[in-house]
Amino acid sequence: MNALSRIAYPIAGLLVIAFVWEASILVFRIPTFVLPSIPSIAVALWNDLPALLAGLRVTLYEAGSGYVLGGVAAIVLALVFVLMPLVERAAMPIVVAVNSVPVVAYAPVALVALGMGSASKIAMVALAAGFAVFVNAMNGLKAVDPAAVNLLRSFGAGPLRTIWTLRLPAALPAIASGLRVAIVRSIIIAIVAEMLGAYAGLGQIIYLATQQVDFLRVWAAIVLASAASMAIYGLFAWIDRRLVWWK
Amino acid sequence: AEAVSVRLKWVAQAQFAGFYVAKEKGFYTAEGLDVTVNPGGPNLNGETLVASGADHFALAGGIENLLASRAKNLPITGIAMMLQRTPSAYVAFNDSGIKSPKDFKGKKVSTFFTGAHNTLYAVLSKFDVGANDLSVVPQAVSMAPFIDRQIDVATVMLFNELNVLKARGVKDFTVFRAEDYGVSFPSDTLIVNEKLIAERPKTVQAFLNGSMRGWKYAAANQEEAVDIVMKAASGLDRNHQLGMLAEYSKLMVADLGTSQGIGAIDTAKLEAVRQSLVDRKVLDANVKIGSALEPKFWNAVPVEYKKP
Amino acid sequence: MQGMTDPASDAIIELAGISRTFGGGADRVVAIDGVDLRVGRGEFVTLVGPSGCGKSTLFNIAAGLADADPGGEIRFGGQRHAGRDLLGRVSFMPQRDLLLPWRRVIDNAILALEVEGMRRAEARAKALAMMPEFGLAGFERHYPHQLSGGMRQRVALIRTFLFERDLMLLDEPFGALDALTRTMMQRWLLDVWQRHRRSILFITHDVDEAIFLGDRVVVMTARPGRIKMDVAVDLPRPRPAHVATSADFLRIKSTLLDAIEEESMKSFTMAGH
Amino acid sequence: MTRGGILALQTATILGCLAVWEAAARIWGGPYSVMPAVSAVLADMVVNHAALARGILRTLTETVLGFAAGAAFGFLAGAAFAQFRLLERLLLPLLVVSQTVPVIAFGALVVIWFGNGILSKVVIAFYLTFFPVTVNTLRGLMSVDPQRVDLMRSFGASAWTLFWRLRLPFALPAIMASLLLGVSLSLVGAIVGEWFGDTVGLGIMLVQAMYAENMPRLWSIVVACGVLGAGLYGILAAIERRFVWWGREL
Amino acid sequence: MQGMTDPASDAIIELAGISRTFGGGADRVVAIDGVDLRVGRGEFVTLVGPSGCGKSTLFNIAAGLADADPGGEIRFGGQRHAGRDLLGRVSFMPQRDLLLPWRRVIDNAILALEVEGMRRAEARAKALAMMPEFGLAGFERHYPHQLSGGMRQRVALIRTFLFERDLMLLDEPFGALDALTRTMMQRWLLDVWQRHRRSILFITHDVDEAIFLGDRVVVMTARPGRIKMDVAVDLPRPRPAHVATSADFLRIKSTLLDAIEEESMKSFTMAGH
């Protein structure tokens, strides 16, 4: 697939969405406060752009920081677990339990403990993004041919070396897949966390606009968030394709 | 019976006791209605739900929210005002040196940007404090930032956050009521879709009759009302709910609420609010109170259903 | 668990009473059962036996990769060892090539060197020099999936040879090679062995190869694997190609074939159990 | 290590963590601390057990239904994309777009389109679940060993046979990983869904406790969520261990 | 693209001018280059050639799994075919065993039958009957990772034999087997071939095996693979084991060895490019 079609198909897809959107407004007579027309959203986006971009910056900062923090922590944790099976045995139930609490359930705790600033959002994003990466990393690190592990051990390779030379490269596709799913989720979690209480960010803008019945602004903020997520996802998909170079 | 639904502005709690009581006591059935009470939640907006027809009625936000909705041509109309007085107030610790809203100047003040911020600005303007003279930040969920003194002044709902502070044993703080400075922003508007008014005015009347009756009963029988609410939404803290209903009732029966009845539409107050919003340029001058509210249904509610 | 040294022994490795059982219940398989085997310093021992008799299992134990059932004893360099101590001290070539799909040929070849900590450039230079001799010149930058079966095996061979240890355990290292490539690899191996005085334990299915290469040929029984026969090959070295037609060679071969045949037949007659 | 030993170790770890928590809460925490003592949380759970049980049951139902729908759709989409690459190029980007939209911003739309009942919660749980399943199914199906594909084709295997006999088993480990993730997301979806107007469920109890700043209550619900999530995760993990034990061979 | 029938030909498969190039630029490898090869109906043709010369590549093309470069022609049963048409019409055993790790031995064995749509119970019964003859009795319920290398290969063999087609393509089917097991498998194969009048194309590295089994032995050149030599083996059948010491046999063997040696050497001298 060449670069052109890689862009062309999503754009074709977006055009289809746009068409269905506008058509259903006309056919089903959907009022603007339920589904505004695309041009009116575009106008709102344009008019509010400075404020929205400022919000986006905050959201991306929180999402990015949390993502990096959570991603790194998840991979490190997965590596530790693979390195030390006893630790894995002991700690896995705790990790599963902590991870099984939906991030939104931590939101109140995070807000009260870490305040309404960025710290609480970063913590929540780290937790959510980390889990996605962790599950895939564990899966990838463990799905290694045991015979290959034995070969490396016969060369005198210790557990660290085995991880670096064998498990990590073998797990790369799975980790990349986790990272890819996690990045979009990071942005959403940041927005959701902001909706529950924040000083700034797209989520806060969306929450306030909802309360103040400024539906065009809600849509403009969401379109901006989606566009940013798409762009970042595209970038990651591109990197991901590079990662699995040997196939 | 005719099925209709009402959307609350928040999750089930004593703030909405009247609707639950009316349902439980058969006041709606007596009017020939089968009412579903739909709770709200974060990111739900009663104005939109009623405008779209998803719900027939809603207990929506303050009058400023209704005016803003009208400015955006949402086909909704207010038919009653539950709170005759501003439900919000401001708290500051005594040792902060803040003695009056004038002292908010240069301080960090948090408030709900859900409409309550308009009240704050109106209070401040009484003291010639401009928006740029202090730092106003959004307030959410928790009073912790205030208790931990990260914030100098916080906003409280008289029927909710203030009770939370008291229950937690927080002392030595002063409450600044907007009302005390002549800022009266009636709140908790009961709204209905325009189309329903046009097509089924009897239904609107029936719903309002039952609701007012329910509210009157709830205000008069608070213990029982809270029990009814708690049956609808288990897991609530009873004492907290009792406190909520007590305060809520006070705001409800204040001013016209006493003289004319619960839910009265105080046009003079509303006009003052409208003017302050227009002055601050957050509302288009073309939006008139008359186009946003329709008092005829409330006027037709039998007096014994609404007069406390 | 390193015990006392036994100066009397000049064996590099000595296995005594080694057994290994897999699974339990209905699936229980006794792979090897009380194997005693020693390889002297500088000795080239070849190991033959019917398919599935436990040769690879024995190798895994000798390389320190798998534990034997309790009761046996492994001595390495005269000292008693628990299996794991041997990791990194034995140059082991497994039956499957186990090339890493994400590494180019050259980087698969230097895997052991990398583990040892050699600088990559240096290791690559060393491996690069061996490529032509192994018929892989021009394929250094290919990935394993772009190679033929025999080429993959040769990459695994280079990888093993670059991991220079006193004892080499080679599990059918030439199985996928054609006759001539195999002959060339044999020459190469003998050369390395003689020049560096390595000790080699070598599994093969080719009796000719076993005799041609070995100082001794050890025959294993059908499963459960035991040592059935241990034949010294007293042919002078270097052995020319036509040694395979010599009377001595043929005599040994026929002894071995009889032994193997007897054992192989068991695998099939046991069959009807 | 024996089964019993592992269980003992795990129990000890959990009890140890709880003990540290309790001690820390008693030393540093007050009655309104963000982290109340374990004992306070337990006491609240006892007091509130009836509501808690009702909440768990409701949220569990929503989660399971949403998860089942999301897993099924996610799998079908991933399988369809693997089979028809054109479909993938056309539709996958749209699914990606869908995942960039924060649903909870659309409370009103969800209510307008899916009503106030359990359906709207299930839809949101579904919406959060299906994407990782789609991605991993696609990835798993595509990463199958080409030589094994060739072998099956040499037997004259149809695309259908190839799928059931080879691609699917090959992809199962990756699919299972996504289900483990998906079941947690499904729970998130159910909880968030309850915020759109409901009276029963852990999500709504969470909101109530949150705005009343009732910390022991909040934690008792967090614990309930954790138990629920861990239980669902545990069931899936057990299924995985039992039925999808094969990894990959070079 | 099925063309007209050529009644004059009694070949089951005929390859004409088949080439195959991999990669491009610096990595370009011409694996095979203009190969002409025909296998008559009921004929047993063995194929030998240096490692990496393109034998497996040729097989993949003949089985319909890979496309040849444009220009060549494949005729199957007298009709012209595009490669893919051959899928399902040729019994193909690849060089690697490719067992499915999640299937038990018995279920790996019946894979082809299952694909054909046979009922599982029936297919299992068929496979079960073959287990003892292949020395796998008692291992039906094991998983592939619990088998030795040679046992895995035998499972792959059963799988192939159960897929009964007029043409069999076997890529080093006995590579991992010991001498006797190999002999037994050879007997088995010859028996199937003669009883069912199958046609067989068989890759091996063992020249003895090539001569012992084949009606003709085809030698390929070093890469790029071409047909170097095509030797008819006019030894009467059935051939006893000791035929390997007959003068005719040895004559053919020496011809072949010379040819292979010449080609193999090229792989290594080309090396220094």
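Labels A, B, C, D and E are assigned to the chains in the order they are written; within every chain, residues are numbered from 1.
Heads up, the rule we're going with is that a residue touches a chain if its C-beta (ideal position, glycine included) is under 8 Å from a C-beta of that chain, and two chains touch if they have at least 3 such contacts.
Note that this is a predicted model, so its numbers are computed, not measured.
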{"item": "Both-way neighbours, i.e. chains that touch chain B and touch chain A", "value": "D"}
{"item": "Farthest chain relative to chain C (centres taken as mean CA coordinates)", "value": "B"}
{"item": "B-D against A-C, pair bridged by the larger set of C-beta contacts", "value": "B-D"}
{"item": "Chain whose average C-alpha position is farthest from chain E's own", "value": "B"}
{"item": "Centroid distance [mean C-alpha coordinates] between chain C and chain B, Å", "value": "85"}
{"item": "Whole-Å separation of chain centres (CA-atom averages), chain A against chain C", "value": "50"}
{"item": "Whole-Å gap between the CA centroids of chain C and chain E", "value": "28"}
{"item": "Separation of chain A from chain E, taking each centre as the mean of its C-alpha atoms, in whole Å", "value": "51"}
{"item": "Residues of chain E whose C-beta touches two or more other chains", "value": "96"}
{"item": "Multi-partner residues of chain D (each touching 2 or more other chains)", "value": "34, 104-105, 107-108, 112, 210, 213, 247, 249-250"}
{"item": "Overlap residues in chain B, where contacts from two or more other chains coincide", "value": "42-43, 45, 48, 52, 141-142, 144"}
{"item": "Partner chain A, residues of chain C touching it in the complex", "value": "60, 63-65, 87-90, 92, 94, 96, 98, 100-103, 111-112, 114-116, 143, 145, 163"}
{"item": "Residues of chain D touching chain A in the complex", "value": "1, 6, 9-10, 12-14, 17, 34-35, 89-91, 93-94, 96-97, 99-102, 104-105, 107-109, 112, 131-132, 135-136, 139, 143, 173-174, 176-177, 180-181, 184, 187-188, 191-192, 202-203, 206, 209-210, 213, 215, 218-219, 221-222, 225-230, 232-234, 237, 247-250"}
{"item": "Parts of chain A lying in touch with chain C, wherever the complex brings them together", "value": "145, 147-148, 150-157, 161, 165-166, 169-170, 172, 245-247"}
{"item": "Residues on chain C engaged by chain E in the complex (per definition of touch)", "value": "22-23, 26-27, 29, 48-52, 54-57, 95-96, 131-133, 135-138, 141-142, 146-151, 153-154, 172, 175-182, 184, 205-207, 257, 260-261, 264-265, 267-268, 270-273"}
{"item": "Residues of chain A that touch chain D when the two form their complex", "value": "1, 5, 9-10, 12-14, 16-17, 34-35, 86, 89-94, 96-109, 112-113, 131-132, 135-136, 138-139, 142-148, 170, 173-174, 177, 180-181, 184-185, 187-188, 191-192, 195, 203, 206, 210, 218, 221-222, 225-226, 229-230, 233, 247"}
